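Once you scroll down, you'll see the structures, which are given as structure tokens.
Shared between the two complexes below is subunit A, which has subunit B as its partner in the first and subunit C in the second.
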Partner chain A sequence: MAEAWQRQSPLARRSPMDDDTGAGLAMTEREFLAKITVRGKVADDAIRDALGIALPGEPNTACSGKDHAILWLGPDEWLVVGPPDTEKELVSTLATALPDAAVIDVTEGYATIRLGGPLAREVLSMGTPLDLHPREFAAGAATRTLFARTTVILHKISDDPVFDIHVERSQAEYLWTWLETASRPYRDALR
Partner chain B sequence: MQSWRNSTGGIIDRSRRLSFTFDGRRLAGHPGDTLASALLANGIHLVGRSFKYHRPRGIVGSGVEEPNALVRLGEGGAVEPNARATTSELFDGLVASSQNRWPSLAFDVGALNSVASGLIPAGFYYKTFMWPAKAWTFYERFIRRAAGLGQAPEEPDPDVYEKRFAHCDVLVVGAGPAGLQAARAAAPAPAGVRAAPAAGRSGARVILADEQAVPGGSLLAEHVTLDGVPGQDWPESVRTELASMTDVTLLTRTTVAGYYDHNFLVAVERLTDHLPSGESPLPRQRLWKIRARHVVLATGAIERPLVFPGNDRPGVMLGSAVRAFANRWGVRCGARAVVFANNDSAYRSAIDAADSGIHVTTIVDCRAAPRGRLVEEAHSRGIDVLAGSVIAGVEGRKRVRGVAISTLDGSTPAAARKECDLVMMSGGWNPTVHLASQSGTRLAWDESLATFIPGDAASHQTSVGAAAGTFGLVECLTSGALAGTDAAARAGFDGEAPPVPEVDDDTGDGALDLEAFWHRPASPRDGKAFHDLQNDVTTADVALATRENYVSVEHFKRYTTTGMGTDQGKTSNVNGLAILAGHVGSSIPGVGHTTYRPFYTPVTIGALAGIDTAGELYDPVRRTPMHAWHAANGAHFEDVGQWKRPYCYLREGESVEEAVERETRAVRTGVGILDASTLGKIDVQGKDAAAFLDRLYTGTFSTLAPGRCRYGLMCHDDGMVFDDGVTARIADNRFLVSTTTGGAATVLNWFEEWLQTEWWDLDVHMTSVTTQWAAIAVAGPESRDLVSGLTTTDLSSDAFPFMTWRDADIAGIPGRIFRISFSGETGYELHVPASYALSLWQILMMAGERHAITPYGTEAMHVLRAEKGFIIVGQDTDGTTTPHDLGMSWLVSKKKPDFLGKRGLRRPDTLREDRKQLVGLLTDDPQVVIPEGAHVSPEPEAKPPVPMEGWVSSSYMSPNCGHSIALALIRRGHDRMGESVAIPLEDRTIRARIVKPVFFDEEGARLRG
Partner chain C sequence: MMLIPCPWCGDRLDAEFTCGGEAHIMRPDPATASDAEWADYLFMRENPKGLHHERWFHAHGCRRWFHMTRDTASHRIVAVYAITESAPEASG
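Then we have the complex of A and B:
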């Protein structure tokens, strides 16, 4: 079996950004989250039995449980996010539960950046034309959208606010640098 | 010495002194000043030279309309040309200089243009520099030097800019009395201020944007009281009220500059332009991209100048500007003033000017019988009113010295001469309809105001206040509040209008009682009368344009350049149209107006670019998991789409060519590894996956057994090859399709398009797994030896033949091994989850030490594949190449009922025998490498036009063959083996022989061994 030391997350070479003042922005990589794409026909009951959470039926929403979140990405497409190092079990659980769907492990294909703090919404509004006002994009909202010059899956975890941004692995450093650069003047202003 | 500053009045902070320089001269002003008000306080009117004639010019307006006072701000890379002095806030240390003059503002050599002005009328450039045609490049150098006002900075811009998106229910543009009331009405009520909002009402989101540093608009320049509060203080109380509300954003120093479809507006917020550099870490400017449900345009109005000879002399100003300088900045613009008027608002300016200490001697009014309270008030201040009169000429060059007055009909020319150093002109008001017009709202002609006002709104939009032609303060406050309530209601929020403040009664109803006066034909002796000050366009130019039949308004604009300056004709357009209408004998609405276009005021390129300007953020850089290793080990990267791929790895002292040669040899003699992670990978699964792929590829995949791989070509419906790659069958219902690096996204979209639009009945799902799996190609005679040391999988050719794949444990990492090869050598492609790839790469490098393992880049890969005659789609094909042209007919199924491209391949054109076909070329001189892209001709000595028969698509020096090799697409090439051809170049002709496109190991023994 592979050793943990052999594994390098997409943003392993970037240092997390803390929000020391509580008024700024915190940014960290969420390493090795299990991420599974599910495409096809999915029965709500089957998902509920398998993961204990409902299948989001509304576009651009997510359902979250203790360990898992399911993000609606299209009429026949969802992203299931689970704890680190669970992708193998998750794939087999889902494949068994959903015989009519394609279950594809994309854990390694995406990096996840967690963005939080009072500046988070402002910084995100520099990259996406989406309306991120809590009235329009509340906790539990999730969408795949353009961000700066790449595509991300944006998931609002809580109204604090906390966002998870899943980005295609090869562009993770681009996105990290972009967020760092866009927020720099405001972080500097808090110093 | 600010000798023109009054000791009281205005909203400036006299307790603090700001120091600035203008053309190197050290001057002082106060917080609250603009550069213009500070210059005027110091008695400086002459601030620039005009665009074409280099005439001395002074400050005309007090705000965004200013056509003349364009200055250069700052130094070095942060310099800003053509900044309006009237909108540039003063700060300590501001450096400003005048433009378009040499050697100095007071003595300008360019003013010779003015002497020769008869020779350079409108259209001069078009007429004069048309012949001889070739001489244009000669003329151009001089014209470019003479043209324009400011100079663009030559150093990189050191500032940071930002862009952001915003959404709101109501966007109010302009924070004058109407706009402030609209924002109050639209905003949710804060507890205790107004009636509590209805239950459940979450409140409309409101953005209020104003271009000035503080809200207030016209109130800042007037003497009125609202609810007993001075008009100059009332806006601040509203700002406080609005600031207490959630979801209300008040943006000052923010110009809404563009209004596009579906209520999408662009605004520029100037965050630090008013601060000394380095004082704030914030970006210099912020571009707002706003989507609004409803827009309230409370953009105010701009006073119209009058057109008369000498109206461009420093000291001739808009009446409203003189009033604003007096009331807002406590500055007297002159000692002795004459007013030129055609409406009542001029009297308000005259009265306030007189009250500020300017000796206003005369009001020259072209109306026959001006009457009313304002006229009486002027009289009571001892101001003479000359009715039915006009200013016929201006004395003075660098400053007004006096004016000549005649009767309107010209019957008594030069009836009087008045000495003055200030002329206040007031020709009525033009509502600021720019944004409304940009949005598609048609403009309507208002006869009583003699100007255009917004017609029926083209989108969810309301124009209010002066922007709608409403000039009474009470009416502005009332209609603004109504518009705000209405806008919120349309966005789904009920609310009640805020109370309209009690206004003291000396403001009147705003009626102008205007009689249009456009200009009076004058003889050239009287001097030039300018209707467009910024572009130096005179009434004579309009006459000339008319004589030459440039009478369509769009032609007129371009021929005379009316309104084409950086001010977009804010003060000149309506006057220009009126004069044109007079010449062509039409009404002004009959002539029409030109299109108002974004931006309302110039927007810096920096703001439009934001942070996505340079380096890393210009375009996303895609990196493989092994990128850091490549970079640390001499990789010379090339861009492949957005990916960075090692082109080769440079060793100490090695050239790129040497490195490529070394890597190419190493793969044929030992073992090499290549980072192949960038190749596109698509997981295709579902009951119909095999049938689906059969339709997409020219070959057949339904017959492929799980565990095996097959190369395939994909064609568009026209039969032309557009991508290729190896597809592996993972399971009965599951395939892994590989694509070219650059084609990955296109291919996935192509798949989805067919599935979603035509073959939606198929049970298939695609997912990109390009970055899920990293891939390392291990190639070379020693590759088996190397890989077998890392896995328990039997790699012998019997157990693991060419074009098969296996799940495998590789150095402890669960992955897949594919026995495929793009080099023609025995080779394995190792796929592992991306996060393990760097580790595996390093393990291979260590384990390969005894094999002298060589990491190789894309160029060695290209040479190796060309030695084998393997094509690269996009290099050896160009969108007009069929599989047959490539000699790959064996890849086109004859059995399948249909596939994309099948019909295309049966078109007469694709069946032609003289199509360009892929062949090899061997040069007569084995050391000569043909340039890629070179054309191939059958006749070495042909004279132009040389018949061309095809072109060279790939060409390299092959170290393994010991000679150069090339691939080419040549007409009827497959039938011409052995024929000699010529490749004519600029300085020589290369001769070559057509051969089969395989140069190395033709039988493929190494590949399968």
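Then we have the complex of A and C:
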């Protein structure tokens, strides 16, 4: 982890997009969430004991608890997301609990954008052919996918809907601007 | 645009995938293979118009390799099977 005084989010200079139009579209950054990649043999029981949540075994799913979420990324790969500034403890907890897995702290490598509101799905649909209808992509769905030409990890937090988009740090500003541009017609129309 | 059914993730945009070329190429024993056999293994690939067994990689998704049988003329995907499996008896 970077020293606290020199730590800066790649989106630090971007102001959040409020739902000032009443259209129901808001975009904020979820700054410095702890993000840990886990690869290898992971026992469901061990994860349950360590974090109190189940391990998502099915593709395109995630399991969320009070503080943590585990996202299925591949048959032997998961992303564990936790509250800010907990990555050190999280790494040691997971490394102890999962001796047969690689536990890597990727907190600084990813930024997280939260997009919420009734129009969120419309905006996201411009960037991916993935079926984001709640019937197919319900709350708790998560996947790594190509979005607006960049690789993102898309996680649907709730059916309101609220989406968390984890994106590589170097692509964060690009994606933020892309989402701003994509939302503009909706915001303008309702202003 | 083409949707490719990843055996893990389901239907995804073709841009998420990387094609790994012809599948099921067996490496001959370098001690006994003739130059012609070795050259065939290294360089020569089928280029059929019709059914083709290929390796594909879901680079922007689950990052898994898998096999796919695809019709190169119509892009029709005939079969998707695990990277450990051998080619299915392809038909139509």
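Odds and ends about this structure:
Just so it is clear, the second predicted complex is superposed on the first by the 183 of 191 C-alpha atoms of A that agree within 3 Å, B and C clash if a C-alpha of one lies under 4 Å from a C-alpha of the other, contacts with A are read in each partner's own complex, and residues count from 1 in each chain.
The working rule: a contact is a pair of C-beta atoms (placed from the backbone, for glycine too) under 8 Å apart; a residue touches a chain by one contact, two chains touch by 3 or more.
Computed from a predicted model, the values in this text were never measured in an experiment.
By the touch criterion stated above, A:13 is placed in contact with subunit B alone, subunit C being left untouched. Of the two partner chains placed around the shared chain by superposition, subunit B and subunit C are both touched by A:129.
In the superposition on chain A, contact of A:85 is made with neither subunit B nor subunit C.
Contact with subunit C, but none with subunit B, is seen for A:145 once the two complexes are overlaid on the shared chain.
One of subunit B and subunit C touches more residues of subunit A, and that partner is B.
Contacts of A:171 after superposition: subunit B is touched, whereas subunit C is not reached. Subunit A uses residues 128-130 to touch subunit B in one structure and subunit C in the other.
Against subunit A, the residues of subunit C that register as touching in their complex are 1, 3, 8-10, 12-13, 15-16, 60-64.
Of all the residues in subunit A, the ones that touch subunit C in their complex are 59-60, 73-75, 77, 128-130, 143-146, 151. By the touch criterion stated above, subunit B contacts subunit A in their complex at residues 160, 162-167, 202, 205, 247, 280-283, 289, 291, 610-612, 616-617, 619-625, 628, 642-643, 683, 685-686, 763, 765-773, 812-814, 833-836, 838-840. Interface residues of subunit A, counted against subunit B in their complex, comprise 1-3, 5-10, 13, 32, 37, 39-40, 76, 101-102, 104-110, 122, 125-126, 128-131, 133, 135-136, 148-150, 168-171, 173-175, 177-178, 181-182, 184-186, 188-189.
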